[in-house]
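Pasting the structures here.
Note that chain A is present in both complexes that follow, paired respectively with chain B and with chain C.
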Partner chain A sequence: MTHAFAVDRALVVIAFKRRLAYKSGWIFGLALGGGSMLISMAMWQNLLGGGSLNGYDWSSMRAYTIIGFVAATMVFGAADFQIADRILDGHIAVDMTKPVDFQRARAAEYVGSMISTAPTAALGVLGAWLLFDPPGPVTPMAGLLTALCFVLLFPLAFGITYLSVLVCFWTKRYMGIMWLREALLSFFSGLMIPLAFMPGWLQAAAWALPFPHFTTTPAAIYLGRVDTAGALGLIAAEAAWVVGLWYAGRLVFRFAVRKVTVHGG
Partner chain B sequence: MPILESQSLTKTFRRPDKASGFKGAVKHLAQRKYKNYTAVDGIDLSIDAGESVAYVGPNGAGKSTTVKLLTGILRPSEGTVRVMGRDPHTERIANAHDIGVLFGQRTQLWWDLPVEESLKLLKHMYGVSDADYKRRIERFDELLDLNEFMPALARTLSLGQRMRADLACALIHDPKMVYLDEPTIGLDISVKDRLRAFLRELVNDGTTLLLTSHDLADIEEVCERIVVIDKGAIAYDGSIERLKAHYITTKAVNLYLEGAADVPALAEKFPDYEWTAGEAPSEVTVTYESNRFTTAEVLGSLTAQLSPRDLSLSEPSIEDVIRRLYAGELTK
Partner chain C sequence: MADALSIKRSVPVRHASGIYWRALAAHIRSVIEYPADLWIMASAGAVWNVLQFAFLAVLFANIPNIEGWGFHEMLMLSGLLSVAGGANALCFDGAWNTGSMVIKGDIDYRITRPAPVILQVGSSHIGLQSFGELALGFAMLVYGWIGAGVGMAWIPVGALAIVSAALIQTALVTALCAVNFWIKSPMSIFAFLLIQLQGGAMKLPLGVFPAAVRIVSLFIVPVAFINVVPVAVLTGHMNAWWLVGTPVAAVAAVALAAGVYRLGLRAYDSAGH
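For the complex of A and B:
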């Protein structure tokens, strides 16, 4: 194992342990998230009844809502506040004296954080699945591609989180940025309302952003709304966002680090 | 051969220029004004390998900002820094391998984990071998009683324990250049003594040290050279001995007389000396210019003519010199 990977692994382990130190907070968040999923389910059940809207009936909407909840909530349940706090309280000064790449270190911490939440997330999904009995993937290939899409969501979520946290260098506050990110994610991912319900220009705006990959893309692949070629195209676009956001993070950090103004000792 | 060299090192920050009160806040919202504030102003500094340098100055003088420039945390507005031939800001990661940094007011421990976990993570970050790690932890334990709190969560440590743990974190990779920014702040006397003894060992082992502190005992006990900074610029750079020799031009003798001291009469009798009444009526302090009179001459004349019951010599204090340098009473 190279030195860099040994450091990554050590940071993953540390973040995992830190997460376990405060697990009650995450479980509380998960319960709230689960609650919002139930509300969404109830709303769609009443709205759709026995019919369908824009191609979604109650059966497909159950799968859509669970996929959206998992994709848009679980992957963001990570260490954004920890990074933001370090920037805002000046602890980044200490990070800058360590011989590690700042972004890569934060990515490793994100992985550790996510690993710690995986069992609870799996349990939550299993519970929702058993409770609502949604349909399975249209084909085994669709199931496989949905899983691939989900795997890519983790680095994508990190890219968005990291970039949004770096904005703290300029704003000196994080809460507003987080709320804006959550609002954009909720709206443009299709979690709040499927993109198919939106006018064409708004759908086009959504697809110009990375957010639809958090609900619309996996749900579309899972429910067979796109064929295999279409699914691969969507996954390629998702992967391109992952790479683009990683390098965007590097670029923004290069400018952001010039804004470091840690006064006093 | 300098291990660290800075030329015309300058850091300017932009600060909002906002009037106080509601009106000021609203006005600043509509018409933003900023003022430039120079924290570090043209610092030329050269430190050779193995030197121990105290970097002192009053609050807000630019000490910590200089340390952040030298460690690569901040980018200079003007001027250059080279540490072991590297630009510490643009070559931050390579530079970080060779330096150790301690900020007295910011811990590098992971707050919610045992101290041991933080040290092990740093071991990985710096690529320290298992054997070296074990050897260094044993040494830190001998000098800092590290094992006493290795399994404790960082957030449960006392300030003294936290500082000892942070010092171990800063030195676990045996850095060539060490920056300690107020390492004894808030510590009690016994912990300070232990830390100073540890730092003396470090210097004796050949580590280059730059220390900022408001505690002048840290400086006198650990460093040979002192750089005094005021308003972002160097006010003095030289050995502590030279500082004393150059600026301490007076010495003092405390006399304990048989009866009450008549200070005006004594001042009239010995006009070359300055006389000050002591705490007790029989106590008096005689101050004389050390470049005009030797201590033997002064003691000879005083004991011959006054027959004091007892006397003591006041050692020249670097604290007085620094205080006068801060107050602008002394110049380079």
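For the complex of A and C:
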């Protein structure tokens, strides 16, 4: 293992352990995510009843809602504030003296914090499975590709979060940036309402963004709304966003870092 | 802390009110110094409401109603909830700092000043998203009001609903933030849970939910009186007598917040320096 990978692994482990140390966070995440999932289930059960809307019946909507819960738990439970705080409190000046790449180090920490949401996600899915008995993946291959889709969510979530956090170079607070990002992600990912319900122009706008890969893509693959070739195409698009956002982050950072002012003391 | 509390009781209401508004005005002057933050936060509040509108528009393009509630009635629900949240963020956002103030011992300074601690803490911060929330929330409420055919004669009831909603929202959030006097955490987890779950559930008619949720939201944590009950009365989904519960819930929630904060101050022990 090269030195760089050893550093990455160490940062992942540290971030993972740091998050697991606060066990109240698990309960909080479960209450928050689980509560939102139950509200969504209540609404869709009422709306769908025994019928279907835009290709979603109550059975498929149960699976869709649970997939949305897992994605939301992973993304909204990650440690984005720690990256923002390093910029806002000036810690980044120290980071820049270290022999590690800033973006790569933050990516490792972010992924570590995302992994720490696994107990919350697992417990929530188990509870939802017992309560709602959703359908399984349409084929074993669809299940496998859905899992691959979720694996790519780690770097994709980091890419979007990192780009938005870099705005902190120009602001004094991070809260508004986070809300903007989460609002856009909730709507355009299909978490609030499936993209299939939207008019064509809004669907096109959503698919021009990276957000649909957080819920719509894994749900479409899982439920068999796309065949294997279509699923691979969606995963390729997701992977392309991962690469594009990584380099966009590098580009913006190179420009933004000029704003850093180190005050002596 | 008993001595400090007795000082607070002797503070005249006019004096306390004056301090509150001056603290809030001073904070507004300070936030204007950072225009990037101001615009980003205000935009966040506005975008969130635009997306709520979009959600309802998309949903009602596919269905005729939810439990008998139409598009404009649902807009009124979302609008009134946003106005309540925006009023809370504009007038009493500092309550969210209670936890960190307890941990850092910052409450010490507030106790020694001749003004109620709860007002000093509440006016210590302004949620800049409130500008967007209030503007877009009010626009949704008015648009829904007109679209739902609620007459002009109901405007006094609407005004009462807005004032009561702001009071209940602010009081419940403040009471839950005051829990941090005992649990010692910088983050107000319970208040955050309340607004997140309320933001999801209270934008839907109560009929969607099981009886237990309805009972809790009406009689235990009276979030339904913030938006669901007033809008249901205005649009004829509930008997007008239910409207009596709105100011009653507001008074009860304010009393609860003041009581919990007072108990919290008694339990407060300084972090020490």
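We take it that the second predicted complex is superposed on the first by the 258 of 265 C-alpha atoms of A that agree within 3 Å, B and C clash if a C-alpha of one lies under 4 Å from a C-alpha of the other, contacts with A are read in each partner's own complex, and residues count from 1 in each chain.
Methods note: contacts are C-beta pairs under 8 Å (C-beta built on N, C-alpha and C of every residue); 3 or more make two chains touch, one makes a residue touch a chain.
In this text the structure is predicted, and so the values were computed from the model without any measurement.
> Considering only the touch criterion stated at the top, classify A:I67 as touching first (chain B), second (chain C), both, or neither.
Touch status of A:I67: no partner.
> Looking at A:A157, would you say it contacts chain B, chain C, both, or neither? Reply first, second, both or neither.
A:A157 contacts neither chain B nor chain C.
> On the A-aligned overlay, A:A231 touches which partner chain: chain B = first, chain C = second, or both, or neither?
neither
> Considering only touches as defined above, state whether A:A93 meets chain B (first), chain C (second), both or neither.
After superposing on A, A:A93 lies in contact with chain B but is clear of chain C.
> After lining up the shared chain so the two structures overlap, which partner does A:W170 touch, if you call chain B first and chain C second: first, second, both or neither?
A:W170 sits against chain C, while chain B stays out of touch.
> Between chain B (first) and chain C (second), which does A:L145 come into contact with in this model arrangement: first, second, both, or neither?
neither
> So, A:L47: does it touch chain B (first), chain C (second), both, or neither?
After superposing on A, A:L47 lies in contact with chain C but is clear of chain B.
> Which partner does A:V111 reach: the first (chain B), the second (chain C), both, or neither?
Neither partner.
> Overlap of the chain B and chain C footprints on chain A, residue-wise?
After superposing on chain A, no chain A residue contacts both chain B and chain C.
> Residue numbers of chain B touching chain A in their complex, please.
Residues 13, 64-65, 68, 71-75, 92-94, 96-97, 99, 101, 103-108, 110, 112-113, 117, 120-122, 124-127, 181-182, 185 of chain B touch chain A in their complex.
> For chain C, which residues count as touching chain A in their complex?
Contact set of chain C toward chain A: 34, 36-37, 40-41, 43-45, 47-48, 51, 54-55, 58-59, 61-63, 66-67, 128-129, 185, 189, 192-193, 196-197, 200-201, 204, 207-210, 213.
> Sort out for me which residues of chain A touch chain B in the complex.
Within the complex, chain A contacts chain B at residues 3, 6-7, 9-11, 14, 17-18, 21-22, 90-91, 93-94, 96-101, 257-258, 260-265.
> Under the definition above, what is the set of chain A residues touching chain C in their complex?
Going through chain A, the ones touching chain C are 24, 28, 31-32, 35-36, 39-40, 42-43, 46-47, 53-54, 167, 170-173, 175-177, 179-180, 183-184, 186-187, 192-193, 197-199, 202.
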